[in-house]
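Take this structure first; my questions come after.
First chain written, first letter: the chains are A, B and C, and each begins at residue 1.
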Amino acid sequence: MATKIVMEALSPTMEEGRLVAWKKRGGEAVKNGETLAEVETDKAVMELVAREDGVLRKVVLPEGSTVPVGGLVAIVGSKDEDISRLVGVPASAAPPPQGVGGRVSGVATPAATATPKVAATAVPAPQAALLHATPGSSRVRSSPLARRLAAERGLDLALLTGTGPAGRVVRRDVEAAGAMAAGTAAQGHGGAGLAAAALPARAPAAPVPQLPAGFQDVPLSTMRKTIARRLSESLGPVPHFFLTTEIEMERAWEARQHLAGLGDATKVSFNDLIVKAVALALRQHPAVNAWFLDDRIRYHGDVHVGMAVAVEDGLITPVIRHADRKGLREIAAETKALAERARARRLTPEDYTGATFSVSNLGMLDIDEFTAVINPPEAGILAVGRIAQRAVVADGAVVVRRTMRVTMSCDHRVVDGATGAKFLQTVKLMLENPLAMLL
Amino acid sequence: MPVLTYRDALNQALREEMARDPSVFLMGEEVGVYQGAYKVSRGLLEEFGPMRVVDTPITELGFAGVGVGAAMAGLRPVIEFMTWNFALLAIDQIVNSAAKMLYMSGGQVPIPIVFRGPGGAALMLAAQHSQSFEAWYAHVPGLKVVTPATPADAKGLLKSAIRDNNPVVFIEGEMMYNQKGEVPEGEHVVPLGVAEVKREGKDVTIVAHAKMVAVALKAAEELAKDGIGAEVVDPRTLRPLDLPTIVASVRKTNRCVIVEEGWPFAGIGAEVVDGIQREAFDDLDAPVLRVTGADVPMPYNRQLEKLAKPDAAKVVAAARKVLYQG
Amino acid sequence: MTDTATTREKLPAAEADALRKMLRDMVLIRRFEEKAAEAYAHGKIGGFCHLYIGQEAVAVGTMAALRPDDTIMTSYREHGQALARGVSARAVMAELFGKATGSSGGKGGSMHIFDAATNFLGGHAIVGGHIPLVTGVAFAIKYREGDQVSVGFFGEAAVNNGAFHEALNMAAVWRLPAIYICENNRYGMGTALERASAIYDVAQRACSYDMPAEVVDGMDVLKVRDAVARAAQRARDRYMPTLLEIRTYRFMGHSMSDPIHGHYRTKDEVEEAKAKDPIHTFAERLRADGLLDDERWQTMEAEVADEVEDAIRFADESPDPAPEALYADVYREGSS
């Protein structure tokens, strides 16, 4: 039975895909799991993979062309069967995923260019005629549970990638799509733990969020609800406030020099030190290591630090998982690798989802200080400025010290001023006394 | 808590009920002098005498009818079939007499009778001695059908069955008689029509009755090694069926595998699937799968017989299928 | 006067009322069955209707020899036994009409009349299937050390059935107080006994079980009564079962769907049997012994006619069972 290959949602926020290169030619045999083509998404270059055995009967979308998610790309079937009825159907213009709110990459400045779509932290408008196939496309196969969950979350089944037999959309597919939608994560049956456990190694290309493993949900108290509501009304969806402090970096500078002197293998950047300090501070201040999820706050048991990386036409935030448990060397290596992949647009969703807190560093661009915008559903982000020699007062005299100014943006619904300040104090302590990070 | 064999649990139940109510008597082949073909009635003849523990000729139809007649006259007979395979000879009495009498008489003549004996396959007993007929009896209004899987359930359910005012088809298992388990002391009565969750889990529901409960639990252990939590639900009574408990489990796990020893077509599992798809349609993430005995008369050869029976591996495979893992 | 009349004993005047009641009961059965046939033909009775016409002496003679605490079970040709036992004509007719006032609330029908108050336990439609039940009741009587009797009626075609064999064997080996009454009307539906049985005399089968047996003239109500009385005494005194082969004849077809003659028996045969009509012969005997005169006879017939008319009217006017009755009495609530 011939099937249509359509442009799949290969990232949670993808609306359209550009076919970069065909890996198979028309008439060639394909097997389940083989790469059909390379597709460029809004985030990275991904692989479009065959889901069954057959022959690539027709290449519909030529290289270099762009088509919305759901659009017809190719037809795979058996060698001799008649595919005319499939080809006759026009490429469906599936509506862009309204309900699938995406993550906002950390924006450099409030007035940044190329602003990605702001994630709707409010409940998105549910799809009209959600369960009916869009005109011209074939019926969506889905389990009854998947239909119900998709309807509850305002997701369009037709846009989801189904990993069940014959492309059936099943619960994990809806949860994978919905998990990234900030504020729409309804309580799924079985919990995120199962969704992660149930993912087979073979499931190709489904956007899979690497959710942190342990967490504890605390429902909002009446006071918190009131604060949240009133602050949102005055400040917009995520009520930011900002805390600034200046950190003395002399000892950090010395430490880094010292490590560099030991050899190439031990070379670490200041950013690595900052990531480590932030990670340790998050451990000590679990109230900051949290997500705001509409009706509850999720306090994470694990610490995953997102690190903003500037790429050619934008910004992306790869994640260093369990940053608190990793040594500087590991962090350094990972940061390097992730940054490279980010620039090559080769990051997978696993790479850039699941952070519990983010860091954005514009020091290398000579910025003294700046305020960053929080990536929902995280509760905070640390904006790091350059390390410069500045005049400071010590023991009553003016001296020259290397300092670094950092600004922490906090989500007031989750973090209060004092909480944020204490967190920042710890970060400052760690960086001013690097040995403290060994404690 | 005392540990008893399934056999001794039944023996205890019989003894206690016969002591409690003088109208309860046991009748069947070899139940008296021989102490029971499977020793379930051991010692009862000595304790209660030949009027209350009655050895019969090999006349299933006849003594099943005698039991029904005695019940019509107000006694509470327990009729033992050496196995349920032989009860086919008596099925006219079970279905046309026992099940119907209350209804046909407009409510005048109740039949408080228990028909009991081992059902299902043992080992290499071949086609005529290995059959599971619970679906046949569960089909008939007027009957109740009970299939205990553990010693505790065997005792508790037999006591309930004997006290029930309706004809109860009580299906045990040769392979279970030696099985040991904890049995609560004192008056341990398990109500009919109530299922039991034998193992809790949140990832997949496995419905199993009789011998298949052990198979299901073994499968659950296997699945647990991969972090999959299987919930095993034992209906215990097939008619009336406790569908709400099964449905609640499926609502929790979103997927279900049913395992039964009998043949697939129109088996017990088919009825359970109907209930699940009707009541939990929007909670199903995958079709409900059944693992059943093979659709063949039971072969004699050891390996063929193994192929014909459900086992833990088959249940695990089905569970993975509904989890989309293989 | 015939030879029989001079050589036989005169009926005792002391029993006049009882004897006249027996006659009346037979007449009641006859009229009832005739009216039932009419009602069936008018569509008021559905399904099967098996008439007892010609066999009245068997039911009436039997009941006259039993006590109220004895138990009776029979097959589907049961209107006669039910009426003879004392189930009211109203209750039986209403049951035939399927009404809520019927003996089984309209849920049994012609083949399943039950009346617990008179220990009339049905009404069974599987040929031979109820015979083990008869043994079962006898078992219960012995279990409780009572002196009641369990009586079961069945036709001669049932004696070839496995259930018959098993039931009688157990009654004999366990010594149970049962009476097995075989109403031999010579035809199992359309098959003459000679074609179906290796042995013609049903009573002979009792020797397989070492059980007492008798052949009885079923067209003579007193002979039936006396034979059943003997068997009942045997059961009460010694817990010994008896097989009675009561030879009778049905004047109608097997059921309302069966013709009176033609397929499997001749018109002559039927007419010959009618000459031995049990009602007429008994009425004649009562007359001969001065226990019945024309006036009594006419009064009796008129009363019976009224009783049956009343039963028909009652059945006509009674309501159908409520729809809720569909699900009632599938199970009996509670436990012991």
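The rule we apply is simple: contacts are C-beta pairs under 8 Å (C-beta built on N, C-alpha and C of every residue); 3 or more make two chains touch, one makes a residue touch a chain.
In this text the structure is predicted, and so the values were computed from the model without any measurement.
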Exercise for review: Return the chains common to the contact lists of subunit B and subunit C.
Suggested key: none
Practice item. Out of every possible chain pairing, name the one holding the most C-beta contact pairs. Key: B-C
Review point. Of all the other chains, whose mean CA position lies farthest from subunit B?
Key: A
Check your understanding: Which chain lies at the heart of the structure, taking centres as C-alpha averages?
Key -> B
Point to revise | Whole-Å gap between the CA centroids of subunit B and subunit C | key: 41
Review point. What whole-Å value do you get for the distance between subunit A and subunit B if each is reduced to the mean of its CA atoms?
Key: 54
Check your understanding: Hey, how far is the Cα centre of subunit A from the one of subunit C, in Å?
Key -> 89
Study note, to complete from the structure: Within subunit A, the set of residues that touch 2 or more other chains is none
Check your understanding: Which positions of subunit B touch subunit A when the two form their complex?
Key -> 202-203, 227-228, 251-254, 281-286, 323-326
**Study point:** Residues of subunit C defined as touching subunit B within the complex
**Key:** 71, 73, 102-108, 112, 114-116, 121-126, 129-143, 150, 162-163, 165-167, 169-170, 173-174, 328-336
Practice item. Please give the residue numbers of subunit B that touch subunit C in the complex, ascending. Key: 21, 25, 51-52, 54, 56-57, 59, 61-77, 92-93, 96-97, 101-110, 112, 141-142, 144, 160, 163-166
**Study point:** subunit A to subunit B touching residues, read off their complex
**Key:** 143-148, 163-165, 170-172, 189-191, 194, 197-198, 200
